[in-house]
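Remarks on the structure that follows.
Per-chain numbering from 1; labels A, B and C assigned in written order.
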Amino acid sequence: MEKFFSVADIDNLDLVVQEALSLKANPYSWRELGKNKTLGLVFLNPSLRTRLSTQKAAMSLGMDVMVINMDKEGWALETKDGVIMNGTTVEHIREAAAVMGEYCDILGLRSFPSLKDKVADYTEELFNKFVKFCGVPVVSLESATRHPLQSLTDLITIMEYKKMARPKVVLAWAPHVKALPQAVPNSFSEWMCKAQEQGLVDFTIAHPTGYELNDEFTAGARIVGDLDDALTAADFIYVKNWSSYHDYGQVHPVEGDWLMTNNKLALTNDAKVMHCLPVRRDLELSSEILDGPNSLVVKEAGNRVWAAQVVLKRMLESLKK
Amino acid sequence: MEKFFSVADIDNLDLVVQEALSLKANPYSWRELGKNKTLGLVFLNPSLRTRLSTQKAAMSLGMDVMVINMDKEGWALETKDGVIMNGTTVEHIREAAAVMGEYCDILGLRSFPSLKDKVADYTEELFNKFVKFCGVPVVSLESATRHPLQSLTDLITIMEYKKMARPKVVLAWAPHVKALPQAVPNSFSEWMCKAQEQGLVDFTIAHPTGYELNDEFTAGARIVGDLDDALTAADFIYVKNWSSYHDYGQVHPVEGDWLMTNNKLALTNDAKVMHCLPVRRDLELSSEILDGPNSLVVKEAGNRVWAAQVVLKRMLESLKK
Amino acid sequence: MEKFFSVADIDNLDLVVQEALSLKANPYSWRELGKNKTLGLVFLNPSLRTRLSTQKAAMSLGMDVMVINMDKEGWALETKDGVIMNGTTVEHIREAAAVMGEYCDILGLRSFPSLKDKVADYTEELFNKFVKFCGVPVVSLESATRHPLQSLTDLITIMEYKKMARPKVVLAWAPHVKALPQAVPNSFSEWMCKAQEQGLVDFTIAHPTGYELNDEFTAGARIVGDLDDALTAADFIYVKNWSSYHDYGQVHPVEGDWLMTNNKLALTNDAKVMHCLPVRRDLELSSEILDGPNSLVVKEAGNRVWAAQVVLKRMLESLKK
C-alpha cells in the first residue's frame, strides 16, 4: 500500500477488518516487521486519538516513531507555488515534505481544511503536495476532506458489534457551536457506501436541509431529511456535526431537534451509538446515551489502534517487497 | 499497585527505598518486565524533571512511552458534569480519560490546582475523575494537593545521605513572588510524618503565621513559627515556598527573614539542603548554598528516576498478576 | 568525543566523512552500541531537520531518546549569574542543565543567538554554561555562533557528490526579509577553511559590503564582493543569508542582485547548489534551481542523519571507555 487516503485504497473491506481484528487478538506478533523502520507523524492541527493510537500501533509493530507538531515545533509552511517567500511563511512544503521523506520510511500527516477555500480543500491541495514531494508512503491522519483511519475504525467497530448479517447504519447530523469540517462524515459515508456495495451494511444519512454532503461521497446511500424516519430500526447510529458543503463552511440555523437522546434511541433496534470524538456532551449527544449501555464511543476510539496497525502493517509489507 | 497518589499507597517506606536504591544500582535489569506495555504521560501543565525522569524510568523498564501535552497538542478539557458543552471546552474528561485508558497499560497525569476553588482542588476532583474513567493504573505526576513521586524521591535521598539512624528533617517555608500550590509541602509532610512513625526520621515544620498547612498532612509533625529554633541540630533542610491554605491561594507579607542562607545553615548539624526544583535563586535559597557542598538539589532531582522506576515496576508487577 | 561544538572537535575531516558514509551504507549495524544509553534533545527554538535527523540517528544506534521543548514544555530559563530571581524566569540554567545531565548520557542543545548582545552571543555564554553544568557530553544542535552538525553534513555532501579531487566551493550571501544569525555561515566557513587546509576543497566567500563575517571563522578563505567573480568555475554553491556581524544583527540594503538563479549558475562548472534549509523560495534561491537538477538541498538535508550518527557514535565510544 503506497498511500492510505480514502476507501479506494482498500479493495476488500471484510478482509481488512478481519486482519485488524486478528491484530487486536495478537498485537505484538509483528514486532519484527517494523524493525529498523521509522514512522514520522506530522501534525498541523491538534490530535489526541490519532496521535496516540497511531504511535502505539507503530511501536507495537516494532517501528521507531517520531512526532512533530509542525505548527509549533517546526516552521510555518508555505503551500502555494510561484510565490516569492518574503512574508511570514518560512519553509515551502516542497522542501519540508521531501526532507521528512529522507528521514522516514512512512509518514503520517494531519491537515485540517481551511473551510474558506473550497477548491483548495476539495482538491486536497496540501495533502497531495505532501504525498508528491515526500516520496514515501503516506497515511492520512485526517485531511481536508477525509479521515480514513477513523472510518476504517468505524467499520471495524460495526463488524465487531453487529448482531446480524447486514445491520442498518445511520449517519445522523447533530448540532454544534463551531463550523466543523466535512471530513469525518464524507469519509464515513464513502466507507459505508462501499461496505453496502460489498453486502456488509445498509446505509442511511439524515441531515437538515442545507447540510447536503458532496455527492461524490454519498453515492448509493439513502438520504433523508427526517431523523425519526432514518432512525427507525437502526442498528448503529453515527452521530456527527458538519458545516455546510454547498454554502461552504457556513453554519445555518436548523429546524427540529437534532440532539441525539434516549427518546430518539427508542425508535431504533436498540442501536449502538458511535461518534468519532471529541464530542460536545448534551449538544451533539446526550450524557444519558454517552454514559449508558448503548454507547460504543470509547471502544470505538480504542479500535483506532487496530485500524492504524493494519494500515501500517500493509505498508511495511509493501516496503519489504 | 493500582494507583500512586499519596503515601497511603506504600506500606513499608524502608522497603520501597531499598528497592529504589537497588534499581539505581542496576537500572536495566528489568528490561523484560515492561515489554509490550505502554505508558502514557499526560501533562496539563509544564514539567521538566517529572517529564524526563518518568520517561527514562519507563524506557529502562522496557516500556513504550507516549507523552501528550493535553493543553497544547490535544483538546481543551471539560471537567464538570452536567454542563451543556456549548462553550470553549472541546472534550470531556470522561471520554478523554477513557480513551487514553484504551491505549495505555499505565497512565501518568499532571494537573496543578486552580488555587481558586479550594473544594475542587482539595477533593482532587480532576485527578479522581481521571482515575475513575481511564480504567487503568494511574501515577500522579503531581496533582492539586500532592506530588508523591517527588516525596518518594525526597525520602530516598534522605535515606541515601543520612549519617545517623534517625536524622532530623526540617521543612522550611521560603519566600516567592508567585502564589504556589501546597502540593509539594503537603506531600513531603505526609511522607515524613509516616517516615517518623516508622522510625526513619524526626520531622519538624517551620513557617510564618498564616501559612499553616491543612492538618490532614501534618499529623505528628512538630510545627514551629521560629525558623532558627527549627534549624537547630537539623540534618536535612527541605526549603519550599507555598501559598496560604486557609486564606486559599493568597500570598501574605511575612515578618523576619526566611531566605535560606549559610548563616542559617550554621545553626544546623551541617545539614544537607534539599529543594524539589525549580528554585528561585537568592529568593528562596541562596546561591552560596546551591553552589556549595551542602546542596543535594541536583542529586535529589537525579533520584526522581528511581522513584518513578520503583513505582512503575510495582505497577507492572500488579498487571502481570 | 566530549563535546561537538565546532570544527576543532574533529581532527581528520576525511576520516569522519568516510565513517559517516559507512554508517549511511549500514545504518543499523551499531544498534548494540547505544543500548541502555539515553540522549536528551533540548530545544530553546524551533527545529525540523535537526530534531528529526538527530532522533533518528540516535534510535538507529539503539539509544533511548527524550525530546524537550524547554521554552514550551519546561520552565523559563535564567542564564545570568548573580541575579535575585524575583522576575519571570523560573529556573536557572545551572540547575536545569545539571538535572538533565542526571537523566541523560548525552545531551543536545539548540539555542539561537539574541542578535542583540554580541558579547554574550559570541562568547557562547548560554551554550558554555550548559556544557559546564550538565556534566555529560553535549552535541550542539546549533548555538549562537555555529551549527556544526549542519557543517559536517555539508562536508559529507560535498565529498559524496564531488567530481574532482579538490572542488571549488563558494559560500554566497543571499537576500532575506529577516535578520538571521551568522551561525550557519560562520560554521560552514570554519569547516571549509579546515577542509581547504587538509586539501579537500578550494573555498571562496562572496558577500556584499557590510556583511563581513567575524574573521575568526574565515581565515584562509578567498573573500570577494563580486558574486559573478566568485561563481566562475564553481563546483558547489552554498547559498545563505546572514545579518551583519559588525553592525550586529542589522540588515543593510545591498546593491546588485544576490538572488541565486539559473543565469548565475551558467557562470559555474555546472555547480551543485546547497542550502541548509529552510529556504525562502525566489528570495534567496530561485524555484527553478530548487526544482532543477543542480539542487542538492534535499539530499543534503537527508545527510543530516549521518552527521548526527557519526558524532553520537564517537561520543558513545568515548563513554564506553
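In this section, contacts are C-beta pairs under 8 Å (C-beta built on N, C-alpha and C of every residue); 3 or more make two chains touch, one makes a residue touch a chain.
Quantities reported herein were computed from a predicted structural model and do not represent experimental measurements.
Taken as a contact graph, with one node per protein chain and an edge wherever two chains touch, the assembly is complete, since every chain touches every other chain. Chain A maps onto chain B through a rotation of 120 degrees [Cα fit, steps of 5, range 0 to 180].
With centres defined as mean CA coordinates, chain C is found 39 Å away from chain A.
Multi-chain contact residues of chain C (touching two or more other chains) are listed as 72.
Those residues of chain A lying in contact with chain C across their complex are 36, 38, 40, 64, 66, 68, 70, 72-75, 78, 81-87, 90-92, 94-96, 98-100, 102-104. Looking at the complex, you find that chain C touches chain A at residues 27-28, 43, 46-49, 51-53, 55-56, 59-60, 69, 72, 177, 277-283, 287, 290-291, 297-299, 301-302, 305.
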